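Think of it as A, B, C and D in the order they're written, each chain with its own count starting at 1.
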Amino acid sequence: MSRADDAADPTALQTVAGPGKVALTLAAEPGKVAPLNRALEVFHDGMTLMFGGFGGVGTPPTLIRAILESGVRDLTLIGNDSGFPEVGVGPLIVNRRVSRLIVSHIGSNPVAGKQMTDGELRVEFSPQGTLAERIRAGGVGLGGILVDVGLDTIAGEGKQMLVLEDGVTYLVESALTAEVAIVHARKADRSGNLLFDKTARNFNPFVAMAGDFTIAEADEIVPVGELDPEEIVTPGIFVDMIVQSEGVGWKWAWE
Amino acid sequence: MEVGLGVKQRMAARAAQEICDGMVVNLGIGLPTLVADHVPEGRRVTFQAENGMLGYGRTPERGREDPNLINAGGLPVTEEAGASYFDSTIAFGMIRRGRLDLTVLGALQVGERGDLANWLVPGQRVPGMGGAMELAQKARKVIALTLHTAKDGSPKILPECTFPLTAREAVDMIITDLAVIEVTPDGLLLKEVAEGVSVGQVLSATSARLAVDRNPGCF
Amino acid sequence: MSRADDAADPTALQTVAGPGKVALTLAAEPGKVAPLNRALEVFHDGMTLMFGGFGGVGTPPTLIRAILESGVRDLTLIGNDSGFPEVGVGPLIVNRRVSRLIVSHIGSNPVAGKQMTDGELRVEFSPQGTLAERIRAGGVGLGGILVDVGLDTIAGEGKQMLVLEDGVTYLVESALTAEVAIVHARKADRSGNLLFDKTARNFNPFVAMAGDFTIAEADEIVPVGELDPEEIVTPGIFVDMIVQSEGVGWKWAWE
Amino acid sequence: MEVGLGVKQRMAARAAQEICDGMVVNLGIGLPTLVADHVPEGRRVTFQAENGMLGYGRTPERGREDPNLINAGGLPVTEEAGASYFDSTIAFGMIRRGRLDLTVLGALQVGERGDLANWLVPGQRVPGMGGAMELAQKARKVIALTLHTAKDGSPKILPECTFPLTAREAVDMIITDLAVIEVTPDGLLLKEVAEGVSVGQVLSATSARLAVDRNPGCF
């Protein structure tokens, strides 16, 4: 018996629903593949949105563009970084759709820095590896982790601490989840099994687990059974919806 | 009391009726394992094994077993289309994250508020909990599949478990050789009796308070 | 600057050494591949040994046999379970080489149960998913995890608890590492990159990370560059030594 | 003071001398990235990128970049034989577990006990720490690769950092445009000076106590 509010209601099986609050009927669609406008139904003002990617690489471009065009605002974003002004989640920040960021750095997006300095954007920093583990902890249903990174710096200030039985002190870092998580996959099968592309994997596999409702944007969508079960990085059980990627629309920072 | 395979298969078949189309299901060790062979025709079900597999299928033919393709109970299985392999942290990630629709677990005792005891018999056997705590506490629906009484005839469905718990208020439904019982906010409710079993027989084999449905069915 | 005792000593690079105390010169061997007798040098009485496998499946058979023949005793074993009497780590227990077990169950090995009842074997149980995460936490250098499984059962008794800022109570579960970890891989390249076979993966990937010195027994050892970088499950950096498997010598429990 | 690429390349080349055969190395963003191009002939080195790659190689030819094959600084790289991809939790697992032999990081300030500050300029810039805390605290050897003084000429090697720290007592060696300095248990030790630079020049550009090696070398 799950303690969550999604009690054991068999009718819930008629919907595509994560463990959280978002539920969406997809009866017309075989599997979890949906058109982009269906994906947009889950986004709303004030929501918490988690994203895969690292410097924009591996951040789902089509979903970001659609979210931007949808006009949703007051977002809390959780992910590695604020992208570049025109790459990754950067455009959401530049266009003032974001009120709060939980990230490891914003160095590549000066607009984020300016909004923070101007008091328009709340930014909470975690060391990158700690942030990754906080998201993963949320994704696998843990309450948090104990870590000693940054313990004796201002990054540890004001945080809960704990002395383990062996006498060593750790920072207590709480798990992170989000109403919706978006990831970018190289390939998805229609049941949501995902493969990623080289270093575009980065935060995506654990972000996929940490969404109460997870949407994968895939470069290629294949029938169930086409992926080698040994190679699958994200099992489909963590993915609630799949949309076809329209490709990266931005110009890379190094170009 | 020794119970024949026929009775066990009937219990497993009844549990399998609770599998709805599209469910992700984890079957515990022992009796629950039999459930896989009774999934009603036409229902798509994804079986999860906590060692690290999603999408296993039926028992392979004798002689075609793969020693590295095994469910969590240590028995050979097969691979269905769309299956995936992963390590056991990810397997339990799915479970703790609430992504499992249903688990069917064996039971030593069930309390009337749905408490489950299935990992330790004080002074006798301490097999350990394995993955039962995660499954009982975190699956969306938990079925206890168990004989109605212990080998010595003593009731296993009790007001309170006397053995150490696997999880509190975890069980949603109890399926036994005698009955199907629902755990409701108001207590246990007898929904169905086994063919040839009377409501009175069920009540006398149960030491927990047990309300009887207005119109109990038969299985 | 690492806080561990393995300070920044460039001469340490002449040895194959994990972050812990075991160090072994392998100058004669190209890469990390070693004959079985070299692997045996790292085992000693009273040591902590972590093993991959689940009901014996994925437990390295050749290493277990060699450890048994070597006569080392008074071992602390950390892994999912105690195997079957003749499968997995079972023979080490049956032959009284083990004084302490940290596992999730011993149900498949009645000898372990008897030794525990007789007071010859100390057994510490963790719920399986908690145990897996404790080992992984050790493997990725965390101090521990927060988990609510078993919180209100005897499995939580005597354990540290912690109330997070949101008011939710969790058990504090410390990370686990071991002097030596042994895993069973389907394929290894000579730099230690590993692939596993189907459900024999189970505990192996995170056990490989949690060893201060990790030995992989591989069914097949291939040159560096032969494995697809996208498919590698355990990056070679976590593996200190590779030995050729001689195959499973036991009869499976279901046979 | 604007420093030419030649000086930066010489600094990078000096840092690359610290890479021994077989090392696993992580290079920070900015100046440290240049180190990859100066690894001495014949030394096998495995570069790790904390986004999730082990075994990347040199910068690809112009026009042959792969947007999904990128180091942690966001720059295109290539794949060496034996490379592997993994998610960022595993990348930091390697780092926290002490499996990295060397990291080369940029610095805003270095304290005389090896404290490192490189993520925040109070009142000016708050780029965030990224992965620098893990790298500085956990790599077996940490080199701070930085200009000896700030743009306004003020010393960056100080008795105590005035900016918030990335990690305490983390740096093992400081390589600048002027000098190579070792962090020893007894404090900073000037080991080498840059060609054409005098020991006196280094001392006057350093506000931390700085002992001078009996026989300082040149690079």
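The rule we apply is simple: a contact is a pair of C-beta atoms (placed from the backbone, for glycine too) under 8 Å apart; a residue touches a chain by one contact, two chains touch by 3 or more.
Everything numeric in this text was worked out from a predicted model, so none of it was measured.
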Contact-richer chain pair [B-C vs A-B]: B-C
Inter-chain centre distance, subunit B versus subunit D - centres from mean C-alpha coordinates, in Å: 57
Centroid distance [mean C-alpha coordinates] between subunit C and subunit B, Å: 31
Length of the line joining the C-alpha centres of subunit A and subunit B, rounded to whole Å: 34
Subunit D, residues touching no fewer than two other chains: 79, 85-86, 89, 92-93, 95-96, 137-138
Multi-partner residues of subunit A (at least 2 other chains): 133, 140, 142, 147-148, 198, 229-230
Chain pairs that touch, as defined at the top of this document: A-B, A-C, A-D, B-C, C-D
For the subunit C and subunit B complex, residues of the former touching the latter: 54-58, 80-81, 103-108, 113, 116-117, 123, 125, 127-130, 132-133, 136, 147-150, 152-155, 196-206, 233, 248, 252-255
Complex interface listing, subunit B residues touching subunit C: 29, 49-53, 65-72, 74-76, 79, 85-89, 91-93, 95-96, 119, 125-134, 137-138, 164-168
Contacting residues of subunit C [partner subunit D, same complex]: 1-4, 6-8, 10, 12-13, 18-19, 139-142, 189, 191, 193, 209, 224-225, 227, 229-230, 232, 235-238
Sites on subunit A touched by subunit C in the complex: 133, 137, 140, 142-148, 160, 162, 164-166, 168, 170, 172, 174-175, 195, 198, 229-231
In the complex, subunit D residues that touch subunit C: 20-24, 46, 48, 54-55, 79, 81-86, 89-90, 92-99, 101, 114, 136-142, 169-172, 183
